[in-house]
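These are the structures in question, set out in turn.
The two complexes that follow have chain A in common; it is paired with chain B in the first and with chain C in the second.
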Partner chain A sequence: MAGQSNPQLSIFTAAEVEFLAEDEQIDIVPNVRMDTLHMICGDYGPFRPQIPVRVPLWLAIALKKRSKCRIQPPDWMSVEKLTQVLEDEREAPREFQPLPFHYVEISRLLFDHARDDITDPYLVRSLLEDIRDVRFHKVESGLETLSGKTHAVKLKNLAAMEVNIVRPFIVRALQCFYKHDNEDLIKQAANELDSQPVASDRVPRRTLRPR
Partner chain B sequence: MGEDGRGAGSSFGTQDTDFEWSQGHRAAQASSDVEIFRRVWRNEKAAPEILPYDHLLLQRIREQILLMEDTLSTFTGAASDELTLSMYRMDIDRTMFLLRAYLRIRLLKIEQFAMHILRTEELWERLSQQEQDYAQRYIDILQKHMEQTVLSKLPFGYQSMLRQATSSEEDDMIPEPTLDTFVFCKSKEPIGSLQLDDRGEEVVDMLTDDLYILRYRPVKRLLETDRIELV
Partner chain C sequence: MSSYYDLEDLLAEEEPVSVLFRVAADGVGILDPSSEDNNVEQGAKVDLPLWLAQDLFQRQAAFINLPSYFNQRVRKEMQADPGCVDIRSRCPYFYGVGCKLVPLTNDATLGSFLLYTLRGRYKDILCKSHSAAVSSTPKVMQILSREETILFQAGRESMTAFKKWRMEGTRMERAAVLGKKRKPQGEL
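And then the complex of A and B:
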């Protein structure tokens, strides 16, 4: 694949995107009593049995793993909301519906660690998969419109994990278009494209002055 | 979903307790340091060139980690409960991970473009003292290595690490970052019309929270002034 020749293009690993998503806030209902946690990432708690409290996702999952709480899936993860999103997503062929920036990772983490807290997990999961498919289809058909004249691509509401997946290909494609469309820049781009100062066959090389 | 995240779900008077607690602990708003740092890390990873090093922010992050380690060690002495301890431990681990990941990505860029950074004052100023030392030593070692293994064995005229040949008009063997690469950027506020090419033919109108794939060079200034972020 085109993106592979330059590993630098996929700058975030999936795990790193997930790490960022774990700082999103979520409501939990603890079943233990615990004082307020004064952490580097903020103050959370106090935790009282049966009283909902908002914490970062990683904390919620850590407590859940120890069976110390129930996680309340966010509003947008309800069958009702997702059905609406899917419908809107299908109706607007050129736009992405607003979903949380980390919706892929959040829903995935909740399915992995708190499946029993999700109502209608099968339906929710299949809705999420349908939404993902529709969105990727839009990205793919959008790719067909890329050309040398493309200076900007608008992808409002595209989510973090989606960005990460399409990044290597799109960036590579746009770079190539840009390079071939700007003849005067080729020399410079050739120097810069190769991070190692090794001349490769495909890249135009500076001709040496005869001695 | 509540984007601000703070206090939206809790009906307790957390505000007041926060202020009492903040004595001896961090100030109530200090939590945003990690938030800022997460963004800084993200930008650093996504940007092709090395970005300025925020000394004060890094210092605060380091201090918070140390303070927390300190607090934990006193906790361990007292018979504190396991659960609370492990939560604090995770918090520290996450912050440490962020710190390491940030420093690593910078070292990676420094190694890749060491010579270019050294020769460009603006970039050199962006490094911390330790990073400057590192870059200098890296270049010294690289130079020595290249000379011993390759350059000394080449014919006269081709022995420079910086030039393909002495007849080259300029130093043409120094890797530089591709500033014309494309990045995914999100606007944090209305940017207005943004000119994308030199001729002013290509203009986009960025509103708040827009997501665009753009060439890095035209949005460089916006990133420096913190009006957009890279994702």
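And then the complex of A and C:
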């Protein structure tokens, strides 16, 4: 499925990433009585009123649209947790805080379809936007350190959507640097021009963010 | 390094370079606009596309002169501020031509000059590609070479696609004050 929309770059569109995020599990509180649903991906239910049950996000949204349930926002989407994450994010300029891999998409879907189930939606939304901005800025400042000797980039705790945004750029930048840091191109210059070893000590990979 | 099916690579080989014929060539006067008979004389200076110059060089029929966009003046300019140099108007396939010329000329610094240029301009491309306005064509694109434009567009398009996804549907509410035009100060 990767790159259906753009075979050359082999990236997902935002909508495709959103589709993948719908497989994440989430708790709902049904308000109807319903037997177990037998799906290809597993059995969900039985559904009893007021008894929380864990289902994939797509099922939760489908039930929510029919007003058959209330979605319980995940723990990390509370104001306290997000405030904490934002603070940590700002204090640690070199690493990313652990958030769910699909946090951008899940929060987006919940805001779309289950806004009334979220406590303090305005604050939660602006916190999430802030966190995303801070993290993206970190990615950018990390990318500035790319140079000829970078052959791979390590990004820990980066979310699906964030990776997806920078993927085409990183891939092309690394390709360019790889091409121009070729030993055939630089070799002749190294021995007569400058004394520093240009292409001899190749570092196999550079850690963009330390663990 | 280059792929047979790479269009950009093919187009880069179309760029003209000036060559100096080491031998006289009969019957190819079409290459040299100043030749009166149908021959190219020994020592004639002719502009040829890179693919032809490459072949002539390998057969030791011609020397290749380094194009003007790799001369000392440009290199000085590049040292001063890589981000401001207008590469596009000099040669849209700056890097491609440069890489191909490295084995064909005896200028040992060409390869490292290309890497230096790329490194210096990369940071600019990075910042501007992710923050550029969605609708208008940014000014910076006018000075990027073809290779840099591809890099720039990759960053710009994925960011635009994300912003579009974020804004679509009922997702973002627009504050009422944002749509209004600001009144000129004098009228208040």
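Keep this in mind: the second predicted complex is superposed on the first by the 174 of 211 C-alpha atoms of A that agree within 3 Å, B and C clash if a C-alpha of one lies under 4 Å from a C-alpha of the other, contacts with A are read in each partner's own complex, and residues count from 1 in each chain.
What we mean here is this: a residue touches a chain if its C-beta (ideal position, glycine included) is under 8 Å from a C-beta of that chain, and two chains touch if they have at least 3 such contacts.
Fair warning: this is a prediction, and the values are worked out from it, not measured in the lab.
S.K.: After superposition on the shared chain, which partner residues are touched by A:V53: those of chain B (first), chain C (second), both, or neither?
M.R.: Only chain B; A:V53 stays clear of chain C.
S.K.: A:N157 in the overlay: touching chain B, chain C, both, or neither? Say first, second, both or neither.
M.R.: So A:N157 only meets chain B here.
S.K.: Looking only at chain A, is it chain B or chain C that touches more of its residues?
M.R.: B
S.K.: Under the stated touch criterion, which partner chain does A:M34 make contact with: chain B (first), chain C (second), both, or neither?
M.R.: Once the two structures are laid over each other on A, A:M34 reaches chain B alone.
S.K.: In the overlaid three-chain picture, which partner chain does A:P73 touch, first (chain B) or second (chain C), both, or neither?
M.R.: Neither: A:P73 stays clear of chain B and chain C.
S.K.: Check the residue A:P100 against both partner chains and state whether it touches chain B (first), chain C (second), both, or neither.
M.R.: First partner only, chain B.
S.K.: Check the residue A:E18 against both partner chains and state whether it touches chain B (first), chain C (second), both, or neither.
M.R.: Once the two structures are laid over each other on A, A:E18 reaches chain C alone.
S.K.: Counting only touches as set out at the top, which of chain B and chain C does A:A62 meet: first, second, both, neither?
M.R.: In the superposition, A:A62 touches chain B alone.
S.K.: Applying the document's definition of touch, where does A:R167 land relative to chain B and chain C: first, second, both, or neither?
M.R.: A:R167: touches chain B and chain C.
S.K.: Shared contact residues on chain A for chain B and chain C?
M.R.: Dual-contact residues (chain A): 11, 167, 171, 185, 189, 192-194.
S.K.: For a test of understanding, state which residues of chain A touch chain C in their complex under the given definition.
M.R.: The contact residues of chain A facing chain C are 9, 11, 13-15, 18, 108, 111-112, 136, 140, 143-144, 146-148, 161, 164-169, 171-173, 176-177, 179-182, 184-190, 192-194, 198.
S.K.: List the residues on chain C that touch chain A in their complex, please.
M.R.: Interface residues on the chain C side: 1, 95, 99, 102-103, 108-112, 114-115, 118-119, 122-123, 126-127, 129-130, 147, 150-151, 154-155, 157-159, 161-162, 164-166, 169-171.
S.K.: Under the touch definition given earlier, write down the residues of chain A that touch chain B in their complex.
M.R.: Listed in rising order, the residues are 11-12, 16, 19-20, 22-25, 27, 32, 34-43, 46, 52-54, 58-59, 62-63, 66, 68, 74-76, 100-101, 151-158, 160, 163, 167, 170-171, 174-175, 178, 185, 189, 191-197, 206, 208-209, 211.
S.K.: Give the list of chain B residues in touch with chain A in this complex.
M.R.: 1-2, 5-10, 12, 14, 17-18, 21, 25-26, 28, 31, 33-35, 38, 42, 45-46, 64-65, 68, 81, 83-84, 86-88, 90-92, 94-95, 97, 101, 112, 157, 164-165, 167-169, 172-184, 196-197, 202, 204, 209-215, 231
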